[in-house]
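The same chain A turns up in both complexes below, where it pairs with chain B and then with chain C.
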Partner chain A sequence: MSAASPTPSKPAGRLNPGYGRWTPALFLAPAVLALLVIGIYPTIFALVTSFRRYNITRPRDGFPFIGIENYQKVLSDQTFWDTLGLTFRFFLTVMPFQIFLGIVIALLLHKPGLGLVRTLARVSLVVPLATTYAVVGLIGRLVFNGNFGVANQMLGWFGIPGFDWLATTNGAFAAIAIMDIWQWTPFCALIFLAGLSMVPVEVEEAARLETSSKVALLRHVQLPYLLPGLTAVLILRSADVLKLFDMIFTMTRGGPGTATELISIYIQRVGFRVFDMGTASAQAILLLILTIMLSRLYIRVFYREIQ
Partner chain B sequence: MSMRFGRVIHFVGLILVLAFTLFPFFWMVTSSLKDQSDLLASPPVWLFTPTLDHYREIFEDPKIISSVMHSLIIATSTTLLAIVLGAPAAYALARFEFRGKSDLWFWFISNRMISPIVLALPVYLLAQTLGLLDTHLVLILIYLTFNLPIVVWICTDQFRSIPSELEQAARLDGASQFLIFWRIYLPLGVPGIAVSAIFSFIFSWNELLYALVLTRRAVQTAPVAATSFMSGYELPWGKIMATGTVIVLPVTIFALLVSRHMVRGLTMGATK
Partner chain C sequence: MRTFLLTAASAVALSVAVAAGPSGAFAADWSLETAAAPYKGTEINVIFLDRPGYRAIIKLLPEFEKQTGIKVNYEIVPYESTREKEVLNFTSGGDLTVALVDLVWIGEFAENGWILPIDKFTGDAAITDPNLNLKGFFPLLLDAFGSWGGVTYGLPFDNYSGLLFYNSCMLKDAGFDKPPATWDEVMTVYGPKLTDASKNQYAYALQSRRGETQSADSFMRFLWPFGGSLLDKDFKSNLNSPESQAGLQFRQDLAKYMPPGIVSFDHAEAVNALAQGQVAMITEWSAFYSTLNDPATSKIVDCLAVAPEPEGPAGRLPALGGFSLAVAAQGTEEQQKASWLFIQWATSEDIARDYVEAGGVSGRMAIYEEPDIKATYKFVDPMVASWQKGVPEFRPRFPSWPAISEVVAEWGTKMQLGETSISDGAKEIGTRMEEILKQDGYYDGSKKLLQ
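And then the complex of A and B:
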């Protein structure tokens, strides 16, 4: 059910298609050409650049080909591995919260009753998702301010002393994680809610009569319907974390030091603040390979049944 | 008794969900209405006398007005272009059979996963060579990399739901393929086209990385303008939050219009 085949339809008129052989190409050509020009051509250009010495602050040196030197440099660059490691750690930090809170919210929204409040809560999930990522970072910078931030005030309510979040390594990491959890938990909740609504009504009602235990209901009846959504969430969010830039850039610029420098922030720094385009391109190509592997996995999991 | 208790828990839970999803938004809006001394109060104040000074300030700031205009021009143009290019492709994917169709489909939607930084580097160098840096055009084109896939994906779904009997009847009447697309699929596909247009608009409006890298002074978009206040010793928090509110409010309203389709737009087919 999950699995979303993009071709549920029966092929329209396989015996007598009723259209010319080149008709599909005519309809497809504009979009395909556009994506070739704006997507594929720059990618090839990046690939070529990644084999050159290409520092745009020193154009007089020219941009000579240097073979795989950039790749050797990147692969032996400790900071590159550190930022990848940090990106992975960030993923491992936010996902448990987003999955757990997402399931709890989905269950609250799925449970019948309290029509108005339930509708309001469901609709409100859209707000974090629509908020401009850059603005999320700006809000985070205000909320986690050490002097007048509301985060410290809230800690105070529980008797925990406040601190300057964005000035400390762990504090800054926690702060960007919290903003990410805020923004993307609703996404997980919506996916899980879609999964819960797939449980046949009769099955769920019969189960509710059999057992009063919510845990049993969740485990035996609802969980199987949540699993496909869980896989989707894990794969899509991992691709998102590899892309994550805007919110961190406006909130911490990767700092203090390199405490919040995830992979996209690091590549942007090498490319646009150090202007070492050759190295940055090699990093970007490696990131692209990682992303392609992820999207292949995604397609394998979700589109298996198509031809 | 226990029924009643369950209801209370449910109610409290839903209220907490509301508090969770709305708090940062609430904090941004209230902060935009505080004067500087309330903004810098420690601990922060929740009750205060609201002021519209910051809004007055940003509506008198030509830089912010023009950045909002640039964002509007870019987001609208790229959305229209994505539909003009994407809708015919969606029709082909929905109704024609041809070799390599599923591969083409995957190629379209897999564009969603590519990190903008991968394309930002080469596009910066290419745009520099072509003299396209700091123009509307470069952003309008590069935003197609995520808008085109979303239009193709949502419209393909929409066109498939249109009964193919209509098409066959029209063909018997001798209508050309283009006429069938123009007279049947486009009008009946309006809901899907509208939803994908709203998504394209939201994603383009919200984008920061490409805008930051590919434009300078002449074409500063709204998110870049909001970010540009973040320097100096004492940050103008009221102005920043007012700008944030002005940027976020319209897209939030748009998003509420398509809230039912939100999951589809963001997952590109993971759940259905």
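And then the complex of A and C:
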């Protein structure tokens, strides 16, 4: 007995000679360190700055503590609310398209058969996702060019006269929405495809025997498996739309007028044109709170439904 | 007595030497190679734009590097991001040793001590070219691009004047043998005859995209020639004065002779509209001459003609813009001196010809006296004429301009789109502008009313 007891621990010791109580911490350290440097420190700095007056083009003014003055300024700033409202309008415009088209594409790819075509289609879905935002914006400027853009040519096929998209309030808004839908529908499709592949084959087959209605199959069998994906899509896209900047900046710079001035464009103007870092930080912190609240809301509404 | 005479003689000799300055004492000996010898291997850093003047200096750089052994590192940045990059670099103790200063940034850069006055270097004969000849620059350029509060910080490098570029063939076909001399002619005579919307042809294009293009190229262009201005002498808004309103209304009315969607036109679109024969006239910076004169980018090379901008009721006050190069205060002593050598060289009379021939627009007067340069470059005469008289504060050059420019860009495009009336839009800009100026201390006497 006495000889048997050390036996199991000995080989373990030999297999992991360097393993100690700090080993997991060491493995985690690089990630935590990176997170501290890239994520946590800037957030804390923004939080501190949001309570101070800080315009980097006026170094003589210093960095004085001013309490909640920046927050008061932001909350009473009509442009802040207008741009936030426009951002929600944008979100509510693009999301239904992305979710609907995403589900349609996912269902098509989920169909059995057509092995090679399916694989190719899946791979090609990644292309818009892999395109840099700024490049999407530059492509958008060409696509929606009033003189030689593809968009007007396509309208022409249906006998609709072309117009200068980026020079009209509604046209510019539609143009940035279309580019966003183009870029992000594949992401939704891939997430939903993953959800569909989670449906147990026997359950799906049994359901097919019960009903020939594809809508019933989708509603009662497949949809519950899509809800976690939908929650993820909503959380990620909400955060994404709130910080959507590059594509719009390269395409319209927020114009014409304020037609495409989403909240991120406005914050950039305050932060990096006027260099009022205090106000811009307060705006960013308020957006962070909004994103967290929205995420909690999605989880509460959709996850509860799954349970 | 002897001592007195000796002292007096020495004093006279010394004062003669000092008065002669570098040109007297060192002119014969001075050379860029010798001056740069102590700084061989020094690296200097600068931001360039993707515009003809920078492409020209990049072509000539190897010569400077060969002569001096100083390495010039440049990064090409889009104009709209340049100020952001430079400000962040200067405030974080970055690596830029040469500041590229748009004329509207000079107040901000100088007041914050980010750039150094040139007299820090001109007093040092070892590093100052005896042929520096500051008087050889167009006085308007040296004053507007390089000076703030009476002190010179930068030397004019990439120089622009607003010019009227036009398609002489289109004008001829419409029965005109010369360009319009006044804005009134553009509206009443040239506009109607040169516009045919059914053929997608228009008389004029005014780049008006939101951003500095809207505020500088579109909005301000119609204030000055009509007797208006942004600010009055007390730095209050002057946008609702009858003259300013007339100018802005004129811009609005002129839109019927412009391609639809003019608020989405940036420089590239306006230049391209002329280059492709869609419009007959544009008012653009002189620097775009090389793009319009290049068969690879322009269909109208043979028809291209250039004239000064049309006159308004208050005379010809064309758009003025451009960049100077200044020594950044954050560099080491060595880098500062190496940067000064580079700036002197890049803006010198010596390389002015090469610079112009490579596509740049020099700020030196002498080069435009050369008959072959005058003959080859059609923009020279109108540009020189424009630089004789101009308004340095065409756009105010104080530190508040970038914030005001944002406001003008937003409400200026709203006016053009008809989302707000000229008078309401002007009031809105005025209120917001005065708010910015108040915050910046212009109304409580804490800041001089410099623009």
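Here, the second predicted complex is superposed on the first by the 253 of 307 C-alpha atoms of A that agree within 3 Å, B and C clash if a C-alpha of one lies under 4 Å from a C-alpha of the other, contacts with A are read in each partner's own complex, and residues count from 1 in each chain.
Keep in mind that, in the parts below, a contact is a pair of C-beta atoms (placed from the backbone, for glycine too) under 8 Å apart; a residue touches a chain by one contact, two chains touch by 3 or more.
Computed from a predicted model, the values in this text were never measured in an experiment.
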item	value
First, second, both or neither for A:Gly149, with chain B first and chain C second	first
Chain B versus chain C as contact partner of A:Asn70, first or second or both or neither	neither
Partner chain in contact with A:Ile38 - chain B first, chain C second, else both or neither	first
Touched partner set for A:Ala167, first chain B, second chain C, both or neither	second
Which of chain B and chain C A:Phe272 touches, first, second, both or neither	both
First (chain B), second (chain C), both or neither touched by A:Gln222	neither
Which superposed partner A:Gln98 touches (first chain B, second chain C, both, neither)	neither
Partner chain in contact with A:Thr87 - chain B first, chain C second, else both or neither	neither
Residue contacts with chain A in the superposition, chain B compared against chain C	B
Which superposed partner A:Gly195 touches (first chain B, second chain C, both, neither)	first
Overlapping contact positions on chain A, where the chain C interface meets the chain B interface	56, 147, 272
Chain B residues within the chain A interface of the complex	7, 10-11, 13-15, 17-18, 20-22, 24-25, 27-28, 31, 39-44, 84-86, 88-89, 91-98, 102, 104-108, 110-111, 113-126, 141-142, 144-145, 148, 152, 156-157, 160, 164, 167-168, 171, 177, 181, 202, 205-209, 212-213, 223-224, 226-227, 230, 237, 240-241, 244, 247-248, 251-252, 254-256, 259, 262-263, 266-267, 269-272
Chain A residues touching chain C - in the complex, by the definition given at the top	56-59, 146-147, 163-164, 166-169, 172, 252-258, 261, 269, 272-275
Complex interface listing, chain C residues touching chain A	80, 83-84, 87-88, 91, 108, 112, 200, 209-211, 214, 259-265, 278, 399, 402-403, 405-406, 409-410, 413-414, 416-417, 419
Chain B-touching residues of chain A, taken from the complex the two chains share	1-4, 6-9, 11-14, 17-20, 23-25, 27-28, 30-32, 34-35, 37-39, 41-43, 45-46, 49, 56, 101, 104-105, 108-109, 111, 113-114, 117-118, 120-136, 138-143, 147-150, 152-153, 156, 179, 182, 185-187, 190-191, 194-195, 228-229, 232, 235-236, 239, 242-243, 245-246, 249-250, 264, 267-268, 271-272, 277, 280-281, 284-285, 287-288, 291-292, 294-295, 298-299, 302-303, 306-307
